[in-house]
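Below, chain A partners chain B and then partners chain C, in two separate complexes.
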Partner chain A sequence: METSLAQGELVGEMEMDAYRRLFPLRFYERYLLESLRPDTRPLIQCRDTSVALGPVASADGSALAKIGCTTMLAGIKLEVMTPVAESPDDGCIAIEFHMPPICSAIVRPGRPAEVAPVISKQLTDAILSSGMINLKELSLIHGKAAWMAYLDVYCLDSDGSLFDAALLAAVAAFSHLQIPLVSLNDEGRVVTVSAELGEGKSSKEVVNKEKRKLKLTNIPFSLSFVLHKKYILVDPNAEEESIMDSLVTVVLDLSGRLVSLYKPGGQVLAYTSTLKDCVALARNRGKELKKILDDALLDMEEDSS
Partner chain B sequence: MGVEAAMAGKAANAPTTYSPSPSQKPARPIFEDVDWVRADGRNFHECRPAFMKTGAANAASGSAYAEFGNTKVIVSVFGPRESKKAMLYSDIGRLNCNVSFTTFAAPTRGQGSDNKDFSSMLHKALEGAIILESFPKTTVDVFALVLESGGSDLPVVVSCASLALADAGIMMYDLVAAVSVSCIRKSLIIDPSSDEESYQDGSLMITCMPSRNEVTQLTLTGEWSTPKIHEAMELCLDACSKLGKLLRTCLRDAASV
Partner chain C sequence: MKRFQDLNSNIITIMDMERVDGRSPHQLRPLSCSCNLLHRAHGSARWSQGDTTVLAAVYGPKAGTRKNENPEKASIEVIWKPKTGQIGKLEKEYGMILKRTLQSICLLTIHPNTTTSIIVQVISDDGSLLPCAINAACAALVDAGLPLRHLAVGICCGLTESGFVILDPTKLEEQKLQAFASLVFPNSPISVFSKGPLLVEGEPIEHGLVASVTHGAMPVEDYLNCLERGRLATDKISEILRRMQQRFLDDGRTTEISSTQ
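Up next, the complex of A and B:
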């Protein structure tokens, strides 16, 4: 601790901002000693989180998720495909994560973000391996037609914990998704029908009789951390992620089962006890996120009724 | 059997899909009547309700979100930053524009790729309004993402971009307001929706600096008669000056909070 005195003098002499830019890690460590962060959060507090359902009318399901400044827009488009022979009753889900140039100064047209494909893969893994969606629910006609759900998540503003916000937006978009009424036309193609038309034209076979939603089970929620020395910082922002490079992401489903755990390198060796703490924190966060999602669904039902 | 082979196999197996919406549009509906009404109940010379807000994205130097009816657009401005080394020395600043769409912006799923056409139109619409001398040797990036395409996309992008530039503190002679008019048979309708655009015989877009009464861009496509062009221009300019006031109010509100 003998260095802290010298550092203290240095802080006095220098402008706060300059010190923050020149010695970011030392700047942070001074805060960590007080169990605080420069944005006034305690170490284990997440930023304000909100979910809005149905912001984009042209998508079959959509959601906007915000964690602090990090903003994600997820949209789902349903298209019809012929299921593969091995699983004639299964639909399919294709997931892609985009970082358009608007989201951050480091992304420009022709210079895409390196993390985008990584997060794409993580999202696909988390959503498919959690078993949140029963692919049989996406079936239309056995062996002939099934839904292909294209989920695209766009980062509109990037300020850390991108995967957490992307997963939240993706899950919310699936819970907003409504499967439209469709029938077979004369050429054997599946076409949408409006509700009134569906009743009137009894000659055509209505494949999907009513608008319905998917049943989501084992919904995955995630929480990211940065580790520095003995400290665990929950829900890091972009600055924290760039200064302390040991990132851990824990994905749990609602019953507390571990869906995935990422610790892609970094300086700090994550001890098992640290990881246990992380899992416990992620479990609590999952409950919080579930409540935020349920409230958004309730709001939407109240609006529509 | 390497990863590449597996990837190639995956790509080959990717199922072909199609959108279930009926491919045939209902026959040209009501425009034949003399007194048809617009699907959303607007008057021919009435714009859609507009909502605009600056400071939509924190990571950018300046940004704005605009919603005109179902058209939803977000624009971020970055910079000024150092121009690429490869570029020749220039004592005025450079403007770099890019417009892209989300894959779910339109009724049928798109590729979500850059729209080169719109990017260059946006560049030319803004160029004249920005005081490029105020940031020599540097580049300002203007990036737009159309979240939902509900018609008159380019005019909304242009107006939104000028707000974002103002939010970023880039010096301009004036804000740029943009409005388009569609000509369907004998009628002129302002601020057309996607459906109306798909039936139009001709279209006119004006981007202008309302308080200086200067037009930065004018595009005219399709069939027009000279008197109709004059009428459409009057309509556009009038709407631009009203939109200009809206843009100003939006900036003033943001500054007073």
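Up next, the complex of A and C:
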């Protein structure tokens, strides 16, 4: 008796799985009617989000961000460069987004993912146009030396909302960034000094004693949506993104300015009312993410003290 | 037909804002479009807005889809060729937006398991490049005779430091702007069934946003303002597209049409 019951359940499960694979859109619509999603989330709920600071000891600043299964590792390496003549007080930021083959079944070794350069460009746009980092803070000596910050974001697991997770990891890495001490050597070149050495040798003057942390203003936070008919699905996973193709990403900074509203085509047209809803949802999400980031920073400070 | 002047009549407050080329804030640059220029391609079009010119060619539908594409639908391939140099991140991004925009307007189920290539060659770039390329690609698709749901019309809206919206900025203006948005709207359909505009959630269908890319930060209200202005201007552009189609049906040869006529 028991075995037959179990078999019946198995058959039911098989059928549902088959239905899901054969008619993915209809399968989703059945859920959407009930304002639910197959992973048990309501439509406007984001997946669990966490931020860990400093997972990479060899980088000057690093962070690991997770939104559901989507995992992003961001690392910043600082190098000294000569600033360009037009802006002698400005440092520079170079941002790169990588999608290695381990992140998803779609990415094949040897062939770079199509979306990687696009997300890379989006990240650069969002970070620079929000004005989160004052490039003047990266200056060391006027006209002679400034920091070049290389930010690399690696996607370790690609399960939708890649840009949201990448931006969160990038922002967290910048807030974790510890600028190394540097001094001028006899030939007038900038060399790094380790913390203990710097205190011992007073003959060499440390150039940047007080500027060890960047001051981040107007931090941008983003939230992605998938639009389907009249439904707005917040923080879509990879399956939802592949079935419903109208993706919208809203980036707002903490002062409420719109840093980016990104909609690369899609079947569903976004009307003003939809866009307003998206902006409102993104605003709430920004507050949530800010709290998550602040908590991570607080944890780190407690650990170090 | 007279030039597109004063898309909005109540612009007295911003009349004193001068643009380098003497246009009013909501005035577009002269548009021109010519079709059927390339003989080997199934469809082609050149679209210029002032000094920004883009040439688009359509090849297809060709048999078979690429790997990882759904064979039950037609697949669209966009090849973006910059004026000079290598294909960088910007070109990849523009290529992807163009591809997804065209996917949304094409009826993909009519030619399943086929690939249509759209090659976009930038001839000169003087700002508003992406909208210009979208308009060119659309005109080329019409020229190739592919079945489309509706047309997509691109427009670039800029926001000046003082918070005014200007349309169709040049490269020089783009650099000075606080922010600018490239917006794509569907063209207004003419339906034989209903007299009034088709309404979706109380808004006409041509108010729906197909694609949006923004550069620079701006207040949310200003973005919505940009949307409003952009919509008004796309009416004019979609009219040009429609006239071009009409003209093409009439004589079937290389046709050129411009807003200054």
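Points to keep in mind about this one:
Simple rule for what comes next: the second predicted complex is superposed on the first by the 289 of 305 C-alpha atoms of A that agree within 3 Å, B and C clash if a C-alpha of one lies under 4 Å from a C-alpha of the other, contacts with A are read in each partner's own complex, and residues count from 1 in each chain.
The working rule: a contact is a pair of C-beta atoms (placed from the backbone, for glycine too) under 8 Å apart; a residue touches a chain by one contact, two chains touch by 3 or more.
Remember, predicted model here, so these are calculated numbers, not experimental data.
By the touch criterion stated above, A:A52 is placed in contact with neither chain B nor chain C. By the document's definition of touching, neither partner reaches A:I141: not chain B, not chain C. Residue contacts after overlaying the shared chain place A:S260 against chain C, while chain B stays out of touching range. Of the two partner chains, neither chain B nor chain C is touched by A:L184.
Residue contacts after overlaying the shared chain place A:M81 against chain B, while chain C stays out of touching range.
In the superposition on chain A, no contact is made by A:I243 with either chain B or chain C. By the touch criterion stated above, A:L43 is placed in contact with neither chain B nor chain C. Against chain A, in their complex, chain B makes its touches with residues 13, 15-22, 56-60, 63, 70, 72, 74-76, 78, 81, 98, 100, 102-107, 109, 112, 114, 141, 143-145, 147-150. Residues 106, 114-115, 117-118, 120-122, 124-125, 129-131, 218, 230, 245-246, 252-253, 256-267, 269-273, 275-276, 279 of chain A are the ones that touch chain C when the two sit in their complex.
Chain A contributes residues 55-59, 62, 69, 71, 73, 75-84, 92, 96, 98, 100-105, 108-109, 148, 150, 152, 154, 156-159, 180, 182, 185, 189-192, 238 to its touches with chain B in the complex.
If you check the complex, the residues on chain C that touch chain A are 68, 88-90, 92-93, 96-97, 99-104, 179, 181, 184, 186, 200-201, 203, 205, 207-220, 223-224, 227.
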